[in-house]
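Several structures are given next for inspection.
Here chain A shows up in two complexes: once beside chain B, once beside chain C.
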Partner chain A sequence: MTSQTPFYTYDEIMLCVASAQILDREVALIGTGLPMLAATLAKHTHAANAVMIYESGLIDTNPIEVPVSVADPRIMFGTTTFASLYSTLGLLQRGVIDVGFLGGAEVDQFGNMNATAVGDYTHPTLRLPGSGGANDIASLANRVIILMKHEKRRFPIKVSYNTSPGFLNGGNSRKEAGLKGGGPSKLISDLAVMDFEPGSHRMRVRSIHPGITREQIQDSTGFDLLWAEDLNVTTAPTKIQLEIIHQLDPKGIFLKNN
Partner chain B sequence: MQSKLVSVQDATKTIQSGSKLTIGGNTIRRHPLALVREIIRQGIKDLTLYVWVAGIDVDMLVGAGCVRRVEAAYVGMGPLGLASNVRRAIQEGRIEYEDFSESSMLARLRAAGMGLPFLPTKVLMGTSLADHASHAKPIICPFTGEQLYAVSAAKADVAIMHGYYGDQYGNIQWPLLRDSDDIDTVIAKSADRVIVSVEQIINPQAVLTNSTMTYIPHNWVSAVVETPFGAHPGSCDGIYDPDMKHLEIYSEAAKSDLTFKKYLDEYVFGSAEEFDYLEKAAGLAQLLSLRVNR
Partner chain C sequence: MLNSRILSLEEAAASIPDKSVITMGGFGVFLQPMAMVREMIRQGKKDISLLSVGEAYAGDLLIGGGCVKRIALSSFGFEAVTGRARNFCKAVEQGKVEVEDYSHFSMASRLMAGAMGLPFAAVNSLRGSDLLEKIVYEKKFEKMKSPFSGEEVILLPSANPEIAIIQAQRADSEGNIQVFGPTISIEQQAKASKRVIAIVEEIVPRSTIQSTPSATLLPSLFVDTLVVLPYSAHPMSSYGYYDYDLEHIYTYTNASKTPETWKKYLDEYVYGPSDHFDYLKRIGGLRKIMKLRADPLLGY
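The block that comes next holds the complex of A and B.
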């Protein structure tokens, strides 16, 4: 960090990189938390014409109080449409969602994610809540942005349970399985930004966050990463971006001080 | 028209052990928890649950030993994290569990409501959900040749749900005009019988003069019960927020069989009826503090 760069947290750089993934005029499917802040930031900066569709079906809301969930009526304030939680799933199936966001307990070298069970499925060592809408977004959104904390145990070579399909076994296997959406396009962690190499669809580091080393990233990953030839440093959040996100979440409900 | 208004006890008595049950609401929002507590008090067992994005409803029933099998897209406690009773029961192999995604589980419930044996979906392929599912099979579209998954109808014997307002005939209304924010209208059509608890019974004349607010019509409903704060400690959106104070007590208790048994003894078996429960679990001052400013 130079003296020109404002102080920022891991959450904030992830949020700003995620925001940059939403292009102007795109339709983004979002939940509460960081994706909601990222999409709102995009609308206030480079993507004024992006459309935000919440899981609960609402389109482009402007709540005064931070909603407790996507179904909280507080979220309805300033919205153009009240659709339903399940109408959004219909939009996904029609293929009209450009970009969706996902998190999970584990992600593997082909971008498959586990949100269901760690260990043997019938007698897991750790049972998690299950897919919810994660499988649907991973299967059907044109692009998926994965947000994950970078830890070795969360980045195994193969997920123990594939809840949300990435590129399955790599190569063409995703397409051959009949999956319609394009699969994960970026993985944003607290250390780096990754994509999936065309052809092999193996995870590849595209940019390293300021102050982080290659060794740190590889040591936090359970398989050998590919490295982009034009590997660069992730753009740090700007003062304006930070000001906007703090206005959006003044009480720090979604932004933790890490 | 005949009144369908009955007590929580009488409505619950009609649910047999071994039934297939579907439950309204999601995570910690608008579940019919007064009915769930009465199911536990009456010792109804061996239930199969067809649920969508479930939470404390399923966690309580599983923790009380009422459940044999769950088919769901999700069971979790929203901001409170994992549903600990469900987690332990699965890890220890005490219940059967079949995982779906939101759109595939919704398709199963909609198929039941449409009187169809199955519906096609564009999800599940390539994943572990498909590998382990007994109610999902790969099919080829006879028109386009597309690869799809067929998911079978999840037809329940009884649906239970918590509504906002309803008249004695079972017309259930929203407090503000909106499209459905959850699964309730879908599951009300999917089951043989529907039991709805509501925050308040209203005059049938009020329904007739404001019929755009009706989201569940009386002809789908078998029984209506009045349970103020009937979704406590969860929320009834727009009327009261979740009781985070009690939910934290719940979540802590759910972490072991022993502490959850104590929780049930104190709050469920220790309350002969819902007013006793509300006094014990929250008290009037706490309940009133949960009300949403409108």
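The block that comes next holds the complex of A and C.
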């Protein structure tokens, strides 16, 4: 362990890569879970002027502790605008959200996501929370960043319920369906960073996290992945990033495996 | 309605008939009408239909109390804290409740249209997804080209619940309701509904409301029944008043894992307490209340 490559977990590399997707001065719509910590990290590092928006009706949040919920009082303190769910998610429709974050139970080869039900919809084997703002973000944000744990059952060839549209059946099908947002631009898992190949819109590996092999990634995926020609290794978290996320999450609500 | 009526929690709950179509305020760990839900379960409400946005804890508890038959919702999950809302999930998996899914924005738009007195809302989400394909019990949507620009939009029927149950921070005795923090969907839910029951932490003088009118979310003309009860959102937070009770939330979510532990939870925290103040004793009493009480600077 040196100061350049400190010890980190797979959750932490996911988090730091996700955080880097928010550029300074961008407008980002933050969903629940790891994205909340990624957004807070971005705000405390490279994107101090980014505007973070939460669907509960919070615009421009500036928390000093990490929230457990998109309606946690920890993001109410220090925010500049209290609004409604209708008006904050309405910003998506207005086209002002640069980047939105999504997680889910399943993602397929075209970036469609399931957050609703596994199995038959009316009699599911596993019922999940449902869309929340996910469908709205997937439909309308200019860019969508997906965060997923990389497991075969979570990466089926086709999702059993399409809650949040990605590139639908690939090719031009997303555009033809009239979806206005740009669709998923990156998928960050605990093994790799992926995007969607222009044209076919099939999932393609762009970078592999340090210490992970191609075989591991393909074996944890339920369909054939494409591989970028300039495939590289994901940038590891910096010592400062790690220090900040542990200051923000001292109780380990998100960073449980430490 | 002017001169809104202040009722006890018990009286207000008694005014909710079985089979009512209700919507409840709150979102995430914030401002959900938990004391009212506990009282509705104690009174044995049956066959309630929910029109829900993100009031997961209130909804999950009401479902776990056996009160709910149908749910149109956008999301019932406990987010980062504990994941799935188990009473809700199990009820759907076991076919005990009918469910129809929307997105947050589309459900809020239905309520907005209801609040505006319009028959439908127009949105640009939902396209290409199964939210438009898997339809259970309603004519869910229609596509229409704008007569002005020719642009296609998705139309959704407006939602007009029979009763809105709203949790807020404070009111005057007339029922002018003030909310501190994001307003989530409270305004749309209340204005879309035929009757509004509001539960607040405290009553303040009318002059206090008059000196802070921009915090008034619901003027008294929209409020039919007012209940005044401190810590009535527990274990949720009431920004500026108290924090959420993470310890009790874990007690709740662990209890909802098996039918036996869930029954024990209901006995201890819903059926057992003689009233709301006895409930507060059982969750940790004054010591817990002091711990949850908000720091005036942070609001939590």
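Note that the second predicted complex is superposed on the first by the 241 of 258 C-alpha atoms of A that agree within 3 Å, B and C clash if a C-alpha of one lies under 4 Å from a C-alpha of the other, contacts with A are read in each partner's own complex, and residues count from 1 in each chain.
Going forward, contacts are C-beta pairs under 8 Å (C-beta built on N, C-alpha and C of every residue); 3 or more make two chains touch, one makes a residue touch a chain.
Not measured: the values here are computed from a predicted model.
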| item | value |
| --- | --- |
| Side-by-side fit of chain B and chain C on chain A, or clash | clash |
| First (chain B), second (chain C), both or neither touched by A:Ser189 | neither |
| Which of chain B and chain C A:Leu89 touches, first, second, both or neither | both |
| Chain B or chain C, by number of chain A residues touched | C |
| First, second, both or neither for A:Pro124, with chain B first and chain C second | both |
| Partner chain in contact with A:Ser220 - chain B first, chain C second, else both or neither | neither |
| Touching partner for A:Asn142 - first (chain B), second (chain C), both, neither | neither |
| Touching partner for A:Thr234 - first (chain B), second (chain C), both, neither | neither |
| First, second, both or neither for A:Gln109, with chain B first and chain C second | neither |
| Partner chain(s) touched by A:Tyr161 [first = chain B, second = chain C, both, neither] | both |
| Touched partner set for A:Ala134, first chain B, second chain C, both or neither | both |
| Intersection of the chain A residues that touch chain B with those that touch chain C | 56-57, 68-69, 71-73, 76, 82-86, 89, 92-93, 116-117, 121-136, 139-140, 161-165, 168, 173-174, 177-180 |
| For the chain A and chain C complex, residues of the former touching the latter | 32-33, 36, 54-58, 67-74, 76-77, 82-86, 88-90, 92-93, 116-117, 121-136, 138-140, 161-165, 168, 173-174, 177-180, 253-254 |
| Residues of chain A defined as touching chain B within the complex | 56-57, 68-69, 71-73, 76, 82-87, 89, 92-93, 116-117, 121-136, 139-140, 161-165, 168, 173-174, 177-180 |
| Contact footprint of chain A on chain B as seen in their complex | 26-27, 29, 53, 72-76, 78-79, 82-83, 86-87, 90-93, 99-104, 106, 121-129, 132, 146-148, 176-183, 186, 235, 237-238, 241-242, 292 |
| Chain C residues within the chain A interface of the complex | 26-31, 53-54, 56, 73-77, 79-81, 84-85, 88-90, 92-93, 95, 99, 101-106, 108-109, 112, 123-131, 133-134, 136, 152, 181-188, 237, 239, 243-244, 246, 294, 298-300 |
